[in-house]
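The chains carry the letters A, B, C, D, E, F, G and H, assigned in the order they are written, with residues numbered from 1 in each.
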Amino acid sequence: MDAASLRKLLRRVAAGRASVEEAAQALADLPFAALGYATVDTHRGLRSGFPEVVFGERKTLPQLEGIVGVLAGRGQPVLVTRLAEDKAEALLRRWPQALWHAEARILHLPQGRRPRAGRVAVVCAGTSDIPVAEEAAVTAAALGAQVSRVYDVGVAGLHRLLRRRAEVQQADAAVVVAGMEGALASVVGGLVGVPVVAVPTSVGYGANLGGISALLTMVNSCAPNVAVVNVDNGFGGGFYAALVSRGRRR
Amino acid sequence: MDAASLRKLLRRVAAGRASVEEAAQALADLPFAALGYATVDTHRGLRSGFPEVVFGERKTLPQLEGIVGVLAGRGQPVLVTRLAEDKAEALLRRWPQALWHAEARILHLPQGRRPRAGRVAVVCAGTSDIPVAEEAAVTAAALGAQVSRVYDVGVAGLHRLLRRRAEVQQADAAVVVAGMEGALASVVGGLVGVPVVAVPTSVGYGANLGGISALLTMVNSCAPNVAVVNVDNGFGGGFYAALVSRGRRR
Amino acid sequence: MDAASLRKLLRRVAAGRASVEEAAQALADLPFAALGYATVDTHRGLRSGFPEVVFGERKTLPQLEGIVGVLAGRGQPVLVTRLAEDKAEALLRRWPQALWHAEARILHLPQGRRPRAGRVAVVCAGTSDIPVAEEAAVTAAALGAQVSRVYDVGVAGLHRLLRRRAEVQQADAAVVVAGMEGALASVVGGLVGVPVVAVPTSVGYGANLGGISALLTMVNSCAPNVAVVNVDNGFGGGFYAALVSRGRRR
Amino acid sequence: MDAASLRKLLRRVAAGRASVEEAAQALADLPFAALGYATVDTHRGLRSGFPEVVFGERKTLPQLEGIVGVLAGRGQPVLVTRLAEDKAEALLRRWPQALWHAEARILHLPQGRRPRAGRVAVVCAGTSDIPVAEEAAVTAAALGAQVSRVYDVGVAGLHRLLRRRAEVQQADAAVVVAGMEGALASVVGGLVGVPVVAVPTSVGYGANLGGISALLTMVNSCAPNVAVVNVDNGFGGGFYAALVSRGRRR
Amino acid sequence: MDAASLRKLLRRVAAGRASVEEAAQALADLPFAALGYATVDTHRGLRSGFPEVVFGERKTLPQLEGIVGVLAGRGQPVLVTRLAEDKAEALLRRWPQALWHAEARILHLPQGRRPRAGRVAVVCAGTSDIPVAEEAAVTAAALGAQVSRVYDVGVAGLHRLLRRRAEVQQADAAVVVAGMEGALASVVGGLVGVPVVAVPTSVGYGANLGGISALLTMVNSCAPNVAVVNVDNGFGGGFYAALVSRGRRR
Amino acid sequence: MDAASLRKLLRRVAAGRASVEEAAQALADLPFAALGYATVDTHRGLRSGFPEVVFGERKTLPQLEGIVGVLAGRGQPVLVTRLAEDKAEALLRRWPQALWHAEARILHLPQGRRPRAGRVAVVCAGTSDIPVAEEAAVTAAALGAQVSRVYDVGVAGLHRLLRRRAEVQQADAAVVVAGMEGALASVVGGLVGVPVVAVPTSVGYGANLGGISALLTMVNSCAPNVAVVNVDNGFGGGFYAALVSRGRRR
Amino acid sequence: MDAASLRKLLRRVAAGRASVEEAAQALADLPFAALGYATVDTHRGLRSGFPEVVFGERKTLPQLEGIVGVLAGRGQPVLVTRLAEDKAEALLRRWPQALWHAEARILHLPQGRRPRAGRVAVVCAGTSDIPVAEEAAVTAAALGAQVSRVYDVGVAGLHRLLRRRAEVQQADAAVVVAGMEGALASVVGGLVGVPVVAVPTSVGYGANLGGISALLTMVNSCAPNVAVVNVDNGFGGGFYAALVSRGRRR
Amino acid sequence: MDAASLRKLLRRVAAGRASVEEAAQALADLPFAALGYATVDTHRGLRSGFPEVVFGERKTLPQLEGIVGVLAGRGQPVLVTRLAEDKAEALLRRWPQALWHAEARILHLPQGRRPRAGRVAVVCAGTSDIPVAEEAAVTAAALGAQVSRVYDVGVAGLHRLLRRRAEVQQADAAVVVAGMEGALASVVGGLVGVPVVAVPTSVGYGANLGGISALLTMVNSCAPNVAVVNVDNGFGGGFYAALVSRGRRR
């Protein structure tokens, strides 16, 4: 119910063409129903051009085919994350125009208006962190960002990172992916002035506590331009950085 | 805006005493604003006669006087929890009809329609748990429940509990307050058939982890009629039990 | 030993037909034995019509057949929870009148007096939470409750929940099932006035700590009408809500 | 050693006024020393106009006077956070042009070029969270942001938040400050499309674990536009949001 | 009602000095009430001569005077643990025959039959652990044990312990009190064959987690003759060891 | 080197038949070497008749055959715990006189002097706890204890335990095995006067944290006759209880 | 750019064979690029003769072959840790001169200058800890240390350790590997004066928390000559001890 | 009894100035007592010149005066750590030659043979970490090390550390003291080749968990030349580094 139909209803009441009771009834669920539409609308406007995202893990192939079918039908881009290879192959047979990013485990069906975002640097510590970094990079790219990959620059060999500092500095936002002790986020935060989204990974052993140690490191960062998302949440890191990189043009 | 005033407004439109524009204006923010009222309304209806609750901790005396003044002015009962004694005395000087429950640290200003609820048994393990138990008991009573206190019946002397089992069994809901290992909730849950609200307390030492040990005990209870609220949250336990005890008459 | 047989024994002592020693012997275990019967009785009365519940996990097929055989023989309804599909099929071959709820992993053998309970709404956040929600819903239904399922209404798209608020409000108790950050329990608790039983799930990744994060969220809820059961404990949530929904008619 | 002095040195070598050995010596520590200057430079450029920040906790008054004296002397704005009232008063006597934000516990000495940032909304759940929210708000304002305060909109009364959704939606970034179960971050993240910086607070009791429960809630958020900083770190939240709000104009 | 008074009652019935009805009345609450007595009785028999124990912490002086008064009146020995010095002095003025163990913070009122137990060795690691060790030693002595104190024998100077091994070996049970890393329990367990009751203490700093680290060390002990009680629970350690030391003579 | 050979050496020095240097050399390692023998001796004496125990998990069949071969050759009884069924069968082919306890996963080769211990009651909460309980029971029996099994007496149906209280009370020590919330240890500790060894198990789900919740419950027990061993450590529980049950006759 | 080529460039400038601009260009990226080389250089100098280390876990055979190929080509020794047996066999076929340490899961390709280090003792508690101990021992030996293995000397049988104390005392550094309660590190630290590197292992069950309990024990050690590395990190322990054992000759 | 007095005794036996019986008596307790002396001796030899260390916290002034009196009387240097200022002043009045290091809270009484150790660099992140760093530096100096202080070089401004890398590289061992996220240890470990002893501090707020976050960071370090001691354990860090710095000359 929008402003127009509300006025129309009130006019019918004023004209005696609708009883008070009828109108009260019609307005009964207004607060909730109307909000729903408003919210959907808002979100659509907000994220204009951003793809719909499907979390692929734990979903069966028929479920995935159903969901992707509906979303694809709307002409919007679709992103399926955490997808197993065999399911990806099945989906590709049906949507051959989709792109399969094996290391990121993301299937991307680009269509409709191309989203626009800024520059995002994805930095990662070790080779074992690359799958999570790729999830971030592919996500950010699908959201319209230009992505620079700065991989294998862990703090145990700081010179590797220092050599590539400029690439990170020139981005609008950086995703830093690191497991083990997760110190890379603070170091990058100290070296550049851009907002850093830190993604702890479960890579490590012993006292890494499945990534919680790295998460604590990052949350306690002494650099004020570091904020943190969940362990192994490459998608979240890439999404957040792309959103930030869009800046004022939202 | 509640149902009554909505109808009143519509009637004024129907009678020509309010223009369509005026009414549209009044309803302008309906999707969001109306929701607010609707929610408040719903809650008010729901909890009819339930007092407004003020969390007294961390509030200054002037803040408390301001809030209580507003609420008291609406003619509804007011409950101030976690209140320090000196602030209670100051409030009592201004609202001498209020009741001060020292052990529960609750100030109760009963007025308006008396709330109605069922029977609630408040069970506690040791004498150190009594302040939390009293917070539960006074809260439940203020919400209209008839409260039985079954105190000092810890599992180390099971016969004390067994002797008073009937009192708990006859209630509509039981609050079980226990610190240390928190085993009492499971034992009561096994002895009676009523819904049990378990309140872990921070009473204990060493590995009680400030009440988390008791909370874990209660959440892992093998009795299916046990649900749990926060550590030392006597108010929550009493509120929940009183709500349950009202049964279908809601 | 009930009051009658106690008096009978005393009369035999008074009449010299039983020696003091014989009577002392007969009364030796009284406190414990008698309690046992009393407790059983009480429970039976209390839960009248409630099915016997068998925890199916970790039990072999022969064990399950034995237990279900005994319980079924008493003419009472039986509920087997956490049951593997292959074992369910074997049990169905022997008790073809039983109902198999695949998603809830519950086998239900309805017989005897139909249990009576009130209305229970089962709310869940995401599709991955549905198995736990179904465990709650099937349990509550087997205990006699009328169950409304309000699924896939996570807080990231609040409008979906708002649109269905009324269904939850009209219930006598609500079960809220949510993983990840578990915020749904607080939101539902704030929107409706009924007692909410929150069931955290282990759905999520990284820092969800196997559901402990969601459990902590729920236990810390700022809504006083929320109490919590164990992680993934759909059975417990459904049982507790059904018990609450029976209200005073216990 | 900057580019100019490097060239000067080389020219002296070319002119025979410096021996190869002398030049090699002078360049010996180049990799490290030069980097230092480079980094400082970069940062200064980056944060142009951002104030220097002094963490006031644990510092004595003489230490504070010394540090502020040096920084103030450079003509740059200065921000002292976590400052005790008595020390603030002493500093104000010496720098009467400074602004003291009592609730935020921040002393702000504005001078030099005014920093420029975008719009930041600071949202908080309860009145007890206001000191942390104010720390965020004052920080963001000192960094040049236009700040909207949306306070006391906890999820237990969702309508209060819904009524003010537009204010948050129109910001370039939002800081969400919440203790207890911390659900507000997810709810705001679901309602608006802007980047949300979540600040868990230690407000709460029992199982809130000094804010760790709220932190876990926020890190596990199902809304992808939520990233998290440390418990009670209002400064960090305000800084990050201001940085994000500057967008591409960096 | 103990065995003796039950037989006495039955004899009175047999002799016609008590009517059946009177006896039935007296036994009316037997299932529950009698259990209580039975339990108390059992315990009394079991622990014959063991003092009644009062946990002194959190109790006011009037409460303590009341409780000690009642217990002392029964002619049984009384032990008040965790007692503050000023309250001890007040109690001593009223019961000058009581013994005050300042370091153990225990007040002991010996009277009635002297309890009998075996030999208990109390071993502790550092001087900071002595208050807990003394709580154990005084408790065990009050329960009738002969106590050897083997103090300041931490594993960092193993020779000190080795020199006194025989004293521990000759005991019937040993209490091992240790903070920091708590390794002493395993070392003692490996050196002697007697049952060891390990008491972790909160002594230490940093990662000792208030004694939880020592508790974990002790629970994971590779010596099978080590069992553990709560952090700083010297009373529990002394009680358990004294109970064990009584051996078969129970 | 015992007293005799020490004197002999000194006499040779006195007689000039051994140089000071030779004697110093011979005594060089005395402190350590001598201690070693002493310790072995002591332990042998102490545990006289107790079987040698082999932890079977993680050992290959050849390793097991080698170790058992050596131990069996000494004529002492042998206990192999945590043994896989297929390895047990292989060992039984070689030592057909050994006893295989399948549920306890223990292989027992009884030979030599029969160990002597007292009466041990093994109590457990649910059927899923039985393997751990059997490990305790078989261990205690192999150490010479007379074992009573009191199984399936969880606190959710307290009457079952109460009916069998006497069996536990008559033992010299009780092992209480419980998972989930682990409340059984406190309840048994409160009902009987014997030393209770509590064994938490990893049985449960959700917030049981692999048995840590039950362990915390037991360590926080309000009953002073409860001490705790590691999670699932049935062997440790049985060993400790058997040791305690031997009493003074050690 | 190393020292030699820097001098060469400067000489060309001095000789007029390179213009100042050319040289400035060549040095343009010096601060960062040169740092890289410098660091590598420094490290190489430092660790002179230390092998390059490849973490073998999670790497595919082709990846391993590629990396080992490159490193082997430089003529330096190579160490591949955490290597699966089948991959080791494949690498051995290609580099038959390599040594395969099955229990340590390390492949060692010795070549080039032999590294030099001091004496390292590797001490371990139980047979289950041997794989981690061997990882430490083989690593230290590959770094040039003379390694003494002192295995199976857990604290439950202290005499075994005492008998071999001298071997540990004579080393320049000791690695102590222990799971379960990890008490061995403190005991060894107390017995010898050399620096001890403690390696907690995940060996144990129940409350060992995957090695975290042992880690806490070691970090809380009361012996000041104990420092700790990660759980199961035998490589780290061996590396650190070998580094320490080289002493001043670095 | 050390080697010298043993030989003296034997020589007296050889010379007939001591009877065999006298000597046997003197050696009677050798297995245990001698071990004690041996151990002390060994340690003394080992640590030759190292001061005796007294942990000052929790000790009363009279206790401190007693202990220092005894130690000082032996002519050895004494170190009192964690000492309150007022107690330090009292001790200084009695031992005016002692040195009081206020920030380190260490009192040092240098006397006897001067200990000898190598070069130790003490690196710390922020000004709040300085007290712990000073405790390390003063300890290492008192043990004979030449100490370089490299303070305030946290990773948020990496250039500060890079500029001073050489100072750290030239040491024989480095202590790295850091709170908050503790990333400095990994960064230093990656930049230099010397053994690094990492000391986490409790400096920080929110999720630093009293230093446990920094400890986890350091234990998970990807640099193999990092080992860790307890939170805030500056003494331990300084002691370990000094010990390492002595190298082979032990």
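Here is the rule we use: contacts are C-beta pairs under 8 Å (C-beta built on N, C-alpha and C of every residue); 3 or more make two chains touch, one makes a residue touch a chain.
Since the model is a prediction, treat every value here as computed from it, not as a measurement.
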| item | value |
| --- | --- |
| Of all other chains, the one whose Cα centre sits farthest from subunit C | H |
| Distance between the centres, which are taken as Cα means, of subunit D and subunit A, whole angstrom | 24 |
| Averaged-CA centre spacing for the pair subunit H and subunit A, given as whole angstrom | 50 |
| Distance from the mean Cα position of subunit G to that of subunit F, given in whole angstrom | 39 |
| Gap in Å, rounded to a whole number, between the CA centres of subunit F and subunit D | 59 |
| Per-residue multi-chain contacts in subunit D, two or more chains | 32, 35, 38-39, 43, 157-158, 162, 191, 206-209, 215, 219-221, 230 |
| Interchain contacts, given as pairs of chains that touch | A-B, A-C, A-D, A-G, A-H, B-C, B-D, B-E, B-F, C-D, C-E, C-F, D-G, D-H, E-F, E-G, E-H, F-G, F-H, G-H |
| Interface residues, subunit F side, partner subunit G - complex | 29, 32-33, 35-40, 43, 58-59, 200, 202, 210-212, 215, 230-233 |
| Contact set on subunit A toward subunit G in their complex | 127-128, 157-160, 162-163, 165, 205-209 |
| Residues of subunit G touching subunit H in the complex | 35, 39, 42-43, 45-47, 53, 118, 162, 169, 172, 191-195, 197, 215, 219-221, 224-230, 235-236, 239-240, 243-244, 246-250 |
| Subunit E - residues contacting subunit C, complex | 3, 6-7, 10-11, 13-14, 16, 19-20, 23-24, 27-28, 30-32, 34-35, 37-39 |
| Contacting residues of subunit F [partner subunit B, same complex] | 125-126, 154-158, 180-183, 186-187, 189-191, 204, 206-209, 212-214, 216-223 |
